[in-house]
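What follows is a structure written as structure tokens; I'll ask about it next.
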Amino acid sequence: MAGDSFGKLFTVTTFGESHGPGLGCVVGGCPPGLALCGADLQKDLDRRRPGTSRHVTQRKEPDEARILSGVFEGVTTGTAIGLYVENVDQRSRDYSKIMDRFRPGHADYSYQQKYGLRDYRGGGRSSARETVMRVAAGAIARKYLNERLGTRIRGYLAQIGPIVLDAVDLDSVDSNPFFCADPSRVEELEAFMVQLRRDGDSVGARINVIASHVPPGLGEPVFDKLGAELAHGLMSINAVKGVEIGDGFAVVEQRGSQHRDELTPAGFVKNSSGGMLGGISTGQDILASIALKPTSSIQVPGRTIDIHGEAAEIVTTGRHDPCVGLRATPIAEAMMALTLMDHYLRHRAQNADVVTTTPTIGFK
Amino acid sequence: MAGDSFGKLFTVTTFGESHGPGLGCVVGGCPPGLALCGADLQKDLDRRRPGTSRHVTQRKEPDEARILSGVFEGVTTGTAIGLYVENVDQRSRDYSKIMDRFRPGHADYSYQQKYGLRDYRGGGRSSARETVMRVAAGAIARKYLNERLGTRIRGYLAQIGPIVLDAVDLDSVDSNPFFCADPSRVEELEAFMVQLRRDGDSVGARINVIASHVPPGLGEPVFDKLGAELAHGLMSINAVKGVEIGDGFAVVEQRGSQHRDELTPAGFVKNSSGGMLGGISTGQDILASIALKPTSSIQVPGRTIDIHGEAAEIVTTGRHDPCVGLRATPIAEAMMALTLMDHYLRHRAQNADVVTTTPTIGFK
Amino acid sequence: MAGDSFGKLFTVTTFGESHGPGLGCVVGGCPPGLALCGADLQKDLDRRRPGTSRHVTQRKEPDEARILSGVFEGVTTGTAIGLYVENVDQRSRDYSKIMDRFRPGHADYSYQQKYGLRDYRGGGRSSARETVMRVAAGAIARKYLNERLGTRIRGYLAQIGPIVLDAVDLDSVDSNPFFCADPSRVEELEAFMVQLRRDGDSVGARINVIASHVPPGLGEPVFDKLGAELAHGLMSINAVKGVEIGDGFAVVEQRGSQHRDELTPAGFVKNSSGGMLGGISTGQDILASIALKPTSSIQVPGRTIDIHGEAAEIVTTGRHDPCVGLRATPIAEAMMALTLMDHYLRHRAQNADVVTTTPTIGFK
Amino acid sequence: MAGDSFGKLFTVTTFGESHGPGLGCVVGGCPPGLALCGADLQKDLDRRRPGTSRHVTQRKEPDEARILSGVFEGVTTGTAIGLYVENVDQRSRDYSKIMDRFRPGHADYSYQQKYGLRDYRGGGRSSARETVMRVAAGAIARKYLNERLGTRIRGYLAQIGPIVLDAVDLDSVDSNPFFCADPSRVEELEAFMVQLRRDGDSVGARINVIASHVPPGLGEPVFDKLGAELAHGLMSINAVKGVEIGDGFAVVEQRGSQHRDELTPAGFVKNSSGGMLGGISTGQDILASIALKPTSSIQVPGRTIDIHGEAAEIVTTGRHDPCVGLRATPIAEAMMALTLMDHYLRHRAQNADVVTTTPTIGFK
């Protein structure tokens, strides 16, 4: 697949570049009978869409996904779902000046080394515009999980640069352009972003994602532990440099007596494990956190080399997000949805006829 | 595969439980003509082996891997390599008292929910003893990478509980039982571990892994970025709760002008990216870091439930590592080796005839 | 993937239905630097296209494939190639009368049992229209194999009903609507087809495919033998009920002294094995043969049941091929190309650095 | 996997050579709670075992499979099942004289070309001894399918050389060394084999396999049609050169009105389709037929080349089956079982919650 596919049973295989005609994907393995229309995808696509506030890239893309197959009379048929989103506002002229030199922090140099050539228009396949299809496919997974299992997946901006943000009200996340779950901090974020843009610089971010009402049993032993597959999916998002499950790196300083989540008939007493033990979900909330590096396309001049290996200087103009993390929340949620959906089907395949007398604690 | 396989071209498929007759694996896709014998595997197996110091579990296992196929007249044939390690010192009697209750922090509860039953002897398939086969298979990958490409993979203990450790001398790592790269701190670690054991408690750890002389071009766009596959492999190791590539979570507070690794004809000026851009290796060192939670098997009593859902108390006796992180270094190195080897073959498959005029900077 | 993907390294993942907006696919793993444009695909698409003679379905489809990604400045970039073909002439009204009953020999009943519903318009996903994407993707594989290795893949109609046809002149295949390699028999085929259409019936066919100048070494031991993968690909074509490699079923009556292909310094003395030994190509021509069942959509009335299980009668009107075998030659060639291409990359991945002193016999 | 794995959810990954220490496999994805012990595997292993009559190789192998993992307290745990069979009677000396020349019809030449070297002892990995693990793994699939679904898989010798054999009594198959289902013909087979051995020659065979009581819905559209996967599995068996589903190559001469299996409320009126439509099982018996070439190891001298490309003569002594087809019945049954089991789990994964009002005809 050369890296274009995610999932084993519920699969998404994508194509498309930032400055090509459009982006598409094939979603395989979706159970039949799920009501599905364009609007079901649009909600999440709109949350990820560029140009919706002054704090993100000003590229204008409607990002309307067309369902090309796999849905008949309003429901999924169980066969391959083809999705397509047209690129509308490419402006490839912006990129002509970087065709012969490598932007630091971008994939330009590594693609050139790997393939001997590259699509220099907006990063081609390495552009974060690729994630539009993750969100579209993720919306299908999300809908199934929610309708059949009651699973709810919600992410929020947990930190941007020095500003740490709490999950005060997850319902407020979509009411501001930052996916910030603390309404009292939105003004502060506005000011921070304005100053950042003035500096012509960019900044990193942390996104937290929570999946609630996930049935126990998802994930497989050894290599395909739920956390491992989730880490795979999340780390594959552009700019992500770190992934945590549950308490994450905080466990390094913890003692066993402090870390372990004790069990009681009413449920686990806390959730340091992030909802999984031995790589298999417990019924508690799945908790993941990711770190996104600052956008590499900035106006601060930098040193680089050209395609002949000569020293050069570079300034990236064009339209870019000063913080890719700002638009990453729906993408991270999509990867969570795709991972859980795939493992739900995998679990059901193997264990559909399991009967256990052990009660499921704290999972209603 | 139900999670027992890792890799797409260079593959390892494992089996075996902590208290069964033994552990084995099938290594597929190994190029032919690689000189290979038991001793090549034993070096790494011995580094991971239990019972080698008073700071780890006292279970005595020779962990001698037998090569059952795929090697003829001292070299690999290109066909499946079967490996097997016998379990010698199981002492299953230690586990009888936990057969009807779930150890907090262990996979007991999640396995029971998934499968409706479980092998309660030492965690069965969820035991970290499973990693012996990762190390054996990893040793093959490591040998190939080193002999053909000059790649060197080295890990060390970067933190244990509150003690942060620098990589002062990577060559000293194997001269102490902690995989500590700072000889001056070994005494402090000894004391810390003695006190921990007295407390009957356990502690978390951080391991860093560095792969040097990795050719550029490894990794694939979108879902199988090198970092994503590495995160998958590392997060699949028992007890790992966090993975970082390069600067990891520190990027959250960085500015773009600070994070990006500028390029010069002599090489990159620094390595915040951890050796990959757009998910593809650049020729710089691959840098990864993982967080391991404290061992859940501790002597401090804790609350739990039994298999009927009734409240119970638990104390884990038996032989356990007070810090699983102490033995995780060779395992993390193995997962790095397996990931790089697989991607080296994948890269070669697609791009063997690529010719580029762009020089490879800083990679000799 | 739910069956929508073929190949491990050079992959094609398809979507689309007979009566939906169109059909598309994602081709992954294509080496970079291959010159590619729409015309490269069109040649094979035109050979498969409906409506080109009076002996095939009269549905009019231009079947022009649009390249949506993966090609930049006229060459492949090494990233996912998206292809799309619009459906133009669906006429869904033809199918309204069969929405509540199952056509014998069609997938109607089995899809209904599997999914609980089905797209009854022209068979939806089970329609042979699906094969348009196999041909488009196969054309890419074919071009690479031919340009880099000199491989040539050619098929022909070997039998239709009682008429057995020899490969007198493979170059003549594209000069008649039957893919017949014996120009002297074309008139006879015309007359046979005219009568068949008058009968309102259909007939089976046999197609042979020959790949010449295939390098030795393709295929893998045990489960992924070249013949096994080829059988998989060929048997997956709609209506195929049998696959042979080399002498095929004739081997049942052969003696070992008669079957074995002896080796001489000048080459193998004959090719009963069909170009592979132990599942690995030898450098001889790869020979495969397939049997296609007669089209199930015929005007002869037949018994069936409706979706409630009640007895019913059915006559299939609409536009159909009286012999699906007539248009299957380019599809079979495409599956051969996809299989060889995938295994070429797989072979190169593992064995790129193999040096052998044994000469390659009879392969120039 | 380099060809060592079969299946997507219920998987078997094998290793081992004819003259190495033994053969083993890892069976993944088996549902938990299946009662399993060595005797369950032994029945089929004994049917395939060499040395059981004078008509097969005289190599003496007990072929006792040891279960190394995945079974606890007599039932499967849902985790990887490791199996191992020791080689006891290798006699490697038999092969010394062929180490520098290629046996016609064997994999010697193709392996040498692929890998640059080969294990010349008994064909190494290309030996049909490899199939012992298919049978062992297949026995697990078979047991599950039979116990949970009532599926029964039975094969028989349908032709050997010129002798065509009917399925007069499938229950008699195991009462003669030929897997012949017509007791009245056994004497004729005895005489034929005696003469064949006297000639120092070998002969081909045809095996038919029937799976009854297979639920409808197994198989996936497009590339993973049930017949395609079955063809893959069956063609991967050593010496197989042809695969048919249902009427197979006979369809070439059939008319549509003759081929199609009409449906009635009581069931299909016949089974030309071999139990699948559009690649998905219908509930009718699955019918497959394979052609096995005559053994290449014969005493009739033949021409070949040596590893330097020089002309040479060869006579194969050692212990060989004069008709590999004679022992292929349990192997073909095993591949049928593995394919059906995998697709049963795949079907259940996607369609576990499908409700259809259409009755299942003719399937009790």
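Labels A, B, C and D are assigned to the chains in the order they are written; within every chain, residues are numbered from 1.
Following the convention adopted for this analysis, a residue touches a chain if its C-beta (ideal position, glycine included) is under 8 Å from a C-beta of that chain, and two chains touch if they have at least 3 such contacts.
Since this is a predicted model, take the numbers as computed values, not measurements.
By residue number, over half of the touching pairs seen at B-D are also found at A-C, the match among A-C, B-C or A-D. Placing every chain at the mean of its C-alpha atoms, the farthest one from chain A is found to be D. With A-B and A-C as the two chain pairs, more C-beta contacts join A-B. Each chain gets one centre point, the mean of its Cα atoms, and the points for chain A and chain D are 44 Å apart. Centre to centre, using the average C-alpha position, chain A and chain B are separated by 26 Å. With centres set at the average Cα position, the gap from chain A to chain C is 38 Å.
The set of chain B residues touching two or more other chains comprises 1-5, 9, 14, 29-30, 32-33, 78-80, 114-117, 125, 221-222, 346, 350-351, 354.
Looking at the complex, you find that chain A touches chain D at residues 8-9, 29-33, 78-80, 148, 221-222, 345-346, 348-354.
Interface residues of chain B, counted against chain D in their complex, comprise 1-5, 9, 11, 13-17, 20-26, 28-30, 32-33, 66, 68-70, 72, 75, 77-82, 84, 114-119, 121, 124-125. Those residues of chain D that touch chain C in the shared complex are 1-6, 14, 102, 104-117, 123, 125-126, 130, 159-162, 199, 201-206, 216-217, 219-225, 227-236, 238, 240-265, 269, 272-274, 276-283, 291-298, 300, 302-305, 307-311, 346-347, 350-351, 354-361.
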